[in-house]
Structures are given as structure tokens and as C-alpha cells.
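One chain, chain A, appears in both complexes that follow, with chain B as partner in the first and chain C in the second.
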Partner chain A sequence: MQRRTLFEGRLLPYLLVAPQLLVTAIFFLWPAGQAVKASFLRQDAFGIRTQFVWFENFTALFEDELYRQSAWNTVIFAVCVTALAMGIALLFAVFADRDIRARGAYRTLMIWPYAIAPAVAAVLWIFLFHPQIGLFGRMLNNAGVHWDYKLNGTQAMMVVIAASAWKQVSYNFIFFLAGLQSIPRAVIEAAQIDGAGAWRRFRTITFPLLSPTTFFLIIVNVVYACFDTFGVIHALTQGGPGKATETLIYKVYVDGVVNLDLGSSSAQSVILMAVVMILTMIQFRFVERRVHY
Partner chain B sequence: MSDVALRTAAAAPARETLPRERPDWVAHAVLILGVVLFALPVWIVLVGSTYDAASIGRGEVPLIPRADLSTYAEIWDDGSGRQGATPVWRMLLNSGLMALLIMTGKIAVSILSAFAIAFFRFPGRMLFFWLIFLTLMLPVEVRIIPTYEVMAGLHLINSMTGLTLPLIASATATLLFRQVFLAIPDELVEAARMDGAGPLRFLRDILIPVSSTNIAALAVILFVYGWNQYLWPLLVASDPQLDTIVIGIVKMIGSEAQTDWNRVMGTTVLALLPPVAIVLLMQRWFVKGLTEGEK
Partner chain C sequence: MNRRHLLAGTAALAAAPAVLRSAAAQARTEVTFWHGLANPLGLEVERVCTKFNESQTQYKVNPVFKGGYVETLTSAVAAWRAGQAPHIVQMFEVGTGSMLAAGPAVKQVWQLFEETGVAVDPEQYLPGVRGYYSTADGKLASMPFNSSTTVVWYNKDAFRKAGLNADEFPKTWPELVEAARKLKAANATPTPVSTAWPTWAHFEQFSAIHDLSFSTLSNGFEGLGTELKINSPPHVRNLTRLLDMAKEGTFRYGGRDNAGEVLFPSGEAAVMFTSSGFRARVSREAKFDWGVAMLPNDPEVRAEPINSVIGGASLWVMTAPTRTPPEYKAVAEFFKFISQPENDAEWHQRTGYVPITFGGFELSKKQGFYEKNPGADIPILQLTRGTMTPNSRGFRLGRFVEIRNIIQEEMEKSLQGNQNAQQALDSAVQRGNRVLREFERTNRT
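Our next item is the complex of A and B:
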């Protein structure tokens, strides 16, 4: 899209974009370039000599059992968080879209968790599932289940998934509800007159018409699960026990900031950049085209 | 907007002959379950913050709060209660300042660049547009170490400038404002020009007032974004005096054996109150801004 009416000015437009461009160049583009460069270099143990090693940092990563483990963790984590957060949100949105009493109040009471930080969500879930002080954690232990997410990797994964998904339900709810409200009533009513029951109407009309929203949310949720849940993991399990909840983002942080392994950390960064780029491109294609079946 | 009256009116006469709707109580049951699912964790923390650390440690906290706000008085000045701990008032101040600076900075910077891109033609315009767009694909998380090095080189570690300045470039906000600006009718621009308004005058007196709802909606989203930052402050602010409240809570948990859980709970309540209040107060604008701006 282009405007017909424009303003004249030679220097002014450059002055207007300058602040954003400077911040972008100094804090985004330059570091990203440095990460790409460092991913091809390797320092010796004393940090004195640096050597150009082509793709060795990358091949080393792919051969590394720990890296593959954290990639697998990320896949499981992202799929579970996305499915849970979207499934629950869709269920609530479908019912909140009906003409029932107090639906305004219900909507308000479902929207507010959007404002909670991932790390704070994690702290809230500590008080639910901590083996000694958590409400449900204690119940589980009293019922004879050996519940301790600090020792059991599977349980740890369950808690970080639950806390991350819990925080994201509101966001999905807002979008699903907006999507449902944009479906013309006439279409649904026509199906109703044709004798289609509620579940059938949902399956054959509502859900397909929601597909643009659904696709958009899948991308947003996968990006959220991969990149914005650092706080959840850091507050709840710190990647443990062992490496059970170490996702790719968490591993970049540990290898870069804690272990100071520059080459490997940079190569991991570059791989993650590629992941974000692919996801962003898919997102913009879908948003532009507005998929419909 | 859906028209409730119209919808029910259209559905009413046919009710007898149509397949039966699921009764309303199913909807109420599901939605109440949802409300509880969201509210319960916060309720537990709220209740816990009115009890003492020992009873929480034994897991003996009931589901009803008591009228005791002493925890809040303690954390306000002492934080975690350990030697040299950051007081919670300071954490709140840091978080508030950080959120406000990021919010206003992002809005200002994106309005200016979106204005240039929408209303001017100049060499390099598309290149700049794509460079800004590129930032969408480069979140902090994927370039931790080199960004830290840039920050260290510019002496921005452990400063409020360091916490906020690098976060004010926002592709999302720029794209949103560009869309809003492109939808402004040409006639309005013509009229302003005929009246002799220069570009800056037009921006200040017409464009900004006209997009004030979009700005308000974005402000809510960006305030929450700023308040909830985690990895960035963890990286660039090791000085406890600069702890935001979200960082502060997690530091308080630190080594579990000596954790005063009631303090953690009180701090958690204070950490989620401001952004939740803002989202609830500005609910209508916020929902509109979120769903119309796509993200």
C-alpha cells in the first residue's frame, strides 16, 4: 500500500528514522552479525588464539548428545504448551461466545492473566506443586504418589509445561473470541435450521472458519514456547533435574553466560535465529493470505 | 460488535423445531472452571502472604486469608530479609521506571519512523523498512553474548539506560503505526497542507491525536511487556539495587532451605498487581489493540 499525498523533505525523513535505526543497528544488527562471525571461530582454552573453523561448531553441536536432547526437549515442550494453551482457550472462547448471563464478567476474568510475567507464573505454580509447601504437591505425596519435580525429570517437564501454558491461555482466548465474533451468525443459524447439532456445527463450520486465527496462534504459541519461557524454566527448575527441562534457549544461556563457551553458544544462537526467521516468515505469509478452507 | 437482542430474537421463534442447544449451565460450569483455574494460584499466594513463614513451610496454610499484612510491611523495607537485601519498594520503582521508559521510548521511536516511512519518499526508505522489520527475527534470546559485549563496550551494564534503551526499537509497533498512518485519508493530509501545516506540525496536531486510541492500546501492551522483562535484566543488571520485582522474587527463592515463603508470596502479589490492574482498567482498548494489531 502506498500513499498518494506525501510531504517534501530531504533531511527530515532521515532524522525521523534515525533513532530507531541507531538502536536497531547498535543493539540488534551488530550483535547478530557478531554472533554469526563467532559461530565460525574457536578460541583455545586460554582465550589467546582464535581460529577460523568453518562449520565445526555446528557439526560439533549436531553430534552432541546433550544438544540433541535439549532440541528434543524443546519440541516436546513447544508441542505440549501450544496444544494445551490453545485447546483450553478455544474451549473457553466457544462458551464465552454464547449468549449467557454474565458473559462480560467471564471475559474479564479470563483476560487478566495476560498481564502476568512468565517468571511470576512459574512462582505461582511453585506454590501449587512444590512437594512440601505446594497445595497439590502435598496432596499428591499424601496420596502416595512420589511427587518431587526437583528430582523427577518427567514431573519437572509437566510443571514447566503447565505453568507456561497457563500463562498463555488468556492471549489465545482473546484471539479465539475475536475470531468467533467475526463469524457471521447467519451461517451458523442456517446450519442450525438444517438440523446440525452443536458439535457438528462446531466441527464443520465454526472451526474451519476459525482457521486463520488458529494458524496465526500456532505460530505465536510456538514462538512463545521456544523463546519467551526462559523465565519459567529459570524460576522453576533451572533446566534440571539433570538436563530434563533444558530447552534450546536455556542451553544458549547456560553455555554462553555460565560456561562461557563462545563458539558453541554463538553457533546455537545462529541456529535459533534461523528458527525465528522461518517462523516469522510463515506467520507473515499466513497473516497476509488469510488462509481459508 | 454482536447484537445480543437481535441474535436472541432471531433464534427464539425457531427454538422448538431446532436441535436442542446445550443448556446454559454447561457453559457456566466450563467458564467457572476456567475462572477458578486462573484465580486459584493467585488466591493461594494472596492467602499465604497473610501467614507466617513457618506455617507455610509446614504446608499448613488454609484457604482463607487472615487480617495480617505484616509480611507486606516487612518486605517493603527489607525485601527477602537477608543481609543487604533490596527493599521491595525499590524493586517496584525499578520495574515501574523500566516499564514506563520502554513504553514511551518504543511509542515515540516507532511513531517517528513510521511517519517517515508512510509520508515521505526518500532513497533508502525500503532498505530502512526491511532493517527495522529484521529486528522481529532477532530477539535478545538468540544473541545473548554479543549483545552483552556491546553493552559492556558502551558502559551500559548496571544502568537504567542499559535496561531500557536497547529494548525501545520495536518492529511490531512501527508496523502497527505504519498501518494506522496508511489508513489516514489523503483528503485530511491535503487539507492540512493547504492550511500551510508542515510535516512536523501535521504529525503533532493531526496524526498523533487521530491515532490516540491506537497509542493507548499499544501503551498497555508495552507497559506489560516492559514490566515483565526477565532475561534482559538478568543479563545486564547484576547490581541488586537495579533488581526489578520479577527478578527480585526469583532471587528471593534462591536457596530454598532458608526461604521465607511468606515474603516470596507477598512480593509475588505486588509484582502482578500493577500490570493486571492496568490490563483490567484499560480492558476494552487493550483487547482491541491486541487483536487489530495482530500482535
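Our next item is the complex of A and C:
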């Protein structure tokens, strides 16, 4: 059942949505259009010589082994960040949902990391894992593990994944907690009376009933890992060592801002734009309709 | 705003000679100067500008800190596209190739001096400094400003502890390898040798002092068609030596660009390859006896090393649609001011950068600066050693920042043990050449 307010005439509704449309046009459509235009051009940094090159920027990318490697890095990174951030958040949410003392305090503390800026988060992780000055970095080296994320690509990837996931745990925690609280107690209690253990109750009742939240969070986390982790990577590894932690979004920055190769950078942005559109469509079409509450 | 000021000035001039003085003060032509030096060096830039502004009443230079060199370059590019470019922009030496290709966006310095009639003798600048910023036919393209070169900083206490002569740093690479082993055996410092600016120190300077070609066409001075030559046998042997040292624990990679520097003042590394501009930080932070020395050479490649090349940055004059002749004149006067011996010497002594003019160097000598600061003349002596060749003049590569990163990436991969030196440098050459070809295609007129 939906309540609908109907407006008289045609002008008023358009007038009411006009500010929003204007904002979208200025801050999204116009820059996006510029990116699409630039992706078909080859231009020097100052924009003095411009050539129209059709799809050359795109074909060059798909032939570039480094671009494929960067795409692969992004896949590994996104899957690990999503799994780690959601797994830990779910675990914490299940514990914080129990009837325990000082529940409110735990819940508040869990939300803190979300308020920390990515660059600051990265600095905290540097203090933990830097091979010479980091707390755990030094401990690992003293324990005989050859820890140097500035030179070891796998270790560098682990650090950026950990730092990015840590930042996202809070967000996931809030949603999981809300999801858990909306599960009717009666269902769980009934199962308890039928003799179902804690794990079984979680597996057969809680987890399925959480599925709308889980699907929503998967999309949000993948988008976060792909597009919102620039600050963490920039402060921690700058895409290195080699190109071990260069994700697609970081490559857009390096090629566009550092190397001033605007054509290639724009082409990469356009590809990323398409990826976001597909993810959003999946969310609207698949997730919102198929998951029943 | 400038136009209004000028009009006001002209009106006042016509009105009465009595008010001439105050009107002239009002009519000062203002120019903007974007730089990329953080404090404490940024304060020195402001000092120079303030001094210039106080030295006369016609012109005023306003310095603006725009972040690091890369951010300054990006901002300048964006500002020029919007028709709002600053009058002067400080550009690091690796951006020289890109700026020269910028055509109408910049006004080359020789042209500026010619148009404004400000007389500045290009011969007064040290050849190593002048050469890097000149066009192929020897005309000064940008204004030398903060220049340094790569030298070696070493911990004398650690040398003594390892039983080495603290007053004489190893002259050659084989001697340095031996010294590093002794440092390790004596456990003098956790790391014997480390480096900052891996590409600058071990590829660019290594090529220059051994008179090896870094890239064809005189390191790019003679055209955009230049191709990297750093996979030659001497280069491969040099990288192999570093890889071997890393394996036996006598060399530690400290990260890209200047990230490695931190290992020296903290006492972690006994030997550090980095810029001569490191002096201010070392004298402030290092709690041990330290020395500075020239880069070691590989005697099998060349027994008598020649001059090293400079690093640092120069000042470029940018154009804009609304720019007026008096503004260019102001820029030219400012350039003339910073080239005067007393100003150059002061800049050199306060910052640790090398003097850009013979006058500044002579004056510093006369003032006894080098007796009071032992080793402060090492970078200048290294820059002026031997006869400059096309290989030791400088580098003129497009998108050089990207190429430096490529070399660093391939170095990192080989230090991880994923490839040997030959593979690393072949790959760096191949990837670097692709970037050079792309630049050539984009900038062909």
C-alpha cells in the first residue's frame, strides 16, 4: 500500500526536482561527459595538440598486460576486503546482539573507526606494520619472519587489504546489528525449544533472515573496495612495490595526475563508470527484487 | 586588477610629479610564483621574495606553496588550460622535457630576457646547471634555482667502529663493497648501505660520471626519438652488484624517491646515497660524526669519473591570455636579482643547494663558508669535475617521472628475487621506450 500525493499541473513537479537535477547535471553529467570525450582523444598535458583517435585509448588498455594485472589486483583486493570486512563485522554483530553488560558501550566503540579519514587510518597501520618503526613489523622481524612490505608484494597487498577492511568493519557492523535486531525473537526461541544449538540456529534461521542485509552489504563493500580505497593505498604503498598494490582506481590517478596521460586515464575512468553502472543495476534488479523480507 | 593599478599609476604620473613616489608604490606590478618546497626550504623561498620586494618599489613577487613538485606541475597544467597560469612556476628537473614540449604555454628565459631588455649574462651560471636547462642549441630555457647533485653521506663513527678510515670514503664500488662487508661484520649499524632516489643515484648519475649513454640522441637533448640504453653491460653489472649486496645483507632498499633518507640520520644505515640538499636535515638530526663524499665509480668502466648532473628544480615562465609586458619585466628583474652573487651565495649557504653562479661560489669561498662547513663544496667539485660530454650534460626525456617509476618498479621486482638484473633492465627499457614513443606521438608538431 502506497500513499501518493498528486500535484496539479506539470510545472510544479519539474520545478521541485529542478535543484536535484541541476546538481546531478553539474557534478555528475558534465564531468562524466568530459571524461567520455577525453577518452577518445590523444592530448599532450597542456592540451595544445589534440588528436581524435577513436577507440585507440581503449584498445591500448586491453592489450596492456599491466592493465590486466591491475584489474586482477582489484579483483583479489575487492574479494578479500569484502570477505574480511563482512566476516568480522558479522561476528562482532552477533556477539554485540547478545544480552551482555555494557552492550551500548561496545556498540559505540565498534563504530569509531568509520569516522577516521583513510589517510589517518593508513598512518596508523604504518605505525603497526612498518618494518623498522612499526610495532608488529619489528616483532615479526625479530621472530624471524622476513617482513618488509615495502619490498614484498604479497605482504604489501596484505597490509592494504587489512587497513581497508578494518575501516569498513564498522559500517558493516551497524547494518548487521540492525538486521539481527529485526529478526523476531519468537522464531529463535521456538527453535531453541525444539532443541537447536547455537550454530544450527545461526545457520538455519539468523543467516537466511539476514540475507537482504548481506546482499546489500556485498554490493556496498565491493564498491567501497574498488573506488573508495585510494587514500589508504596512496598513503601506505603508492601502488608499489613494483605494481603489486596498484588497483584500477589507483592507476587512473597515476596515469592522469602523475603521468599526465589524460586520454588513457579518461578511458580507464569510463571503464570504471561502466562497472559502477553494472553493479548498481545488479543491486536494483536482482537484490531488491529477489530477496524477500 | 593589474590593469587598474597601472591606469591609476599613469593617471597619477600625469597629475603631479609630487605624488609620483606614492603612486609608483601603488602601481607595483604583482607576479605570482608557485613553488613546491615545503618548510623549512619554503621559508627560504619566501625570504628571497621578500628581499626582492624590499629591494625596489616597482615589482612585487608573491610566492605560493602548491604542494610537492608533482602537485605543482599538475596545478600549473590545469591553471594554464583555464588561462590562469602563474607567472613563475618551479618545476623539478625531470619535468624539463615536458615543459620544453609545452610550446606556447611557456616563455623560454632567453626569450624573456631578449623581449624585456633585461641584461643577464648566461655565462655566469655554472656549466652543469646551465647545460641541464638549456635547449639543444645552448639557449637558456628556464631559470636555474635550486640545484643539487647526488653525493654519499656516511657515518664516521660507524666507519671507526668497523676499523675503516673515517676520513676517506671508498673511491670505487669494489672498495665500497669491501667496506660494507666490514661494517656488517663489526655490526656497526643495522644496515651498511642504503639509498634514496634509486634511479637518480644509480642510473642517471652512474651514467653521467662514467660517460655512459642513458638514452640515445644525447640523452634526449637532440630529439623526441630518444631510446633508453640502461640495459648495457655496465648498467647491468651495477645493478647486479646492488642485488648481490642486498642478498648478503650489506645493502638495503629504502623505498622510492627520497623515502630511504630517513635511515641515515636515525643511525640505521651507515652509508646513504642521496641529494646534497640533505645537509640541513643531517646537521639537525644526526647524533653522530658524519661525512660527505663523492659518488664511487666502477674502475672497470671508467677510471677517471667525470662530472655528475644536477637535480632539483628550475623556474619556468608561463604565459596567459591577459599577461602584460610589465609583468614579464617583473619576472625578468626577479631572475636577475636571484642571480646576483650575494643573493645566490646566501641562498646556497642557507639551503644547502649548490650555488648556480660562479659569483655565488667565489663569494662563498671568500666568506670562508667551506672552511666552516667541511664537505659543503664536495657537490660543486663533483659537478665541475672533468669535461662535460653529451652523456653528462643532463636528461631531456618526456614523461620522465613515469620512466623513473618504471625503473624503480623493475628494481623492486628484482630485489624481491623475481628477476635478475638483465631481465629487470631489459623490461625497464622496453616499458620506458613505450612511454617515450607515446610522448613522441603526442608531441609531434
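Everything below uses one rule, namely that the second predicted complex is superposed on the first by the 252 of 293 C-alpha atoms of A that agree within 3 Å, B and C clash if a C-alpha of one lies under 4 Å from a C-alpha of the other, contacts with A are read in each partner's own complex, and residues count from 1 in each chain.
What we mean here is this: a residue touches a chain if its C-beta (ideal position, glycine included) is under 8 Å from a C-beta of that chain, and two chains touch if they have at least 3 such contacts.
Small disclaimer: the values here were computed from a predicted structure and weren't measured.
**Q** Under the stated touch criterion, which partner chain does A:Leu151 make contact with: chain B (first), chain C (second), both, or neither?
**A** second
**Q** If you stack the two complexes on chain A, which partner ends up touching A:Lys243: first (chain B), second (chain C), both, or neither?
**A** A:Lys243 sits against chain C, while chain B stays out of touch.
**Q** Is A:Phe95 in contact with chain B, with chain C, with both, or with neither (first, second, both, neither)?
**A** first
**Q** Have a look at where A:Gln132 lands relative to chain B and chain C in the superposition and call it first, second, both or neither.
**A** Touch partners of A:Gln132: chain B and chain C.
**Q** Applying the touch criterion given at the start, work out whether A:Val257 contacts chain B, chain C, both or neither, answering first, second, both or neither.
**A** both
**Q** One more residue to check, A:Arg42. First (chain B), second (chain C), both or neither?
**A** A:Arg42: touches chain C, not chain B.
**Q** With both structures superposed, pick whichever of chain B and chain C touches the larger number of chain A residues.
**A** B
**Q** Mind working out whether A:Ala235 is in touch with chain B, chain C, both or neither, as first, second, both or neither?
**A** Touch partner of A:Ala235: chain B, not chain C.
**Q** Is there a shared patch on chain A that both chain B and chain C touch, and which residues make it up?
**A** 132, 257
**Q** Would you pull the chain C residues touching chain A in the complex into a rising list?
**A** Interface residues on the chain C side: 70, 73-74, 77, 80-81, 98, 101-105, 253, 255-256, 259, 263, 268, 399, 401-402, 405, 408-410, 412-413, 415-416, 418, 435, 438, 441-445.
**Q** In their shared complex, at which residues does chain A touch chain C?
**A** The touching residues are 42-49, 132, 150-153, 238, 240-243, 257-261.
**Q** List the residues on chain B that touch chain A in their complex, please.
**A** 2, 4, 7-8, 10-11, 14, 18-19, 21-22, 24, 26-28, 30-31, 34-35, 37-42, 44-45, 48, 56-57, 59, 108-110, 112-113, 115-122, 125, 128, 131-132, 134-139, 141-150, 154, 165-166, 168-169, 174, 182, 186, 189-190, 193, 198-200, 202, 224, 227-228, 230-231, 234-235, 246-247, 249-250, 253, 261, 264-265, 268, 271-272, 275-276, 278-280, 283, 287, 290-291, 294-295
**Q** For chain A, which residues count as touching chain B in their complex?
**A** Contact set of chain A toward chain B: 1, 3-7, 9-10, 12-14, 16-17, 19-21, 23-32, 34-35, 38, 88, 91-92, 95-96, 98-101, 106, 108-120, 123-128, 132-135, 138, 166, 169-171, 174-175, 178, 181, 185, 189, 192-193, 195-198, 216, 220, 227, 230-231, 234-235, 249, 252-253, 256-257, 262, 265-266, 269, 272-273, 276-277, 280, 287.
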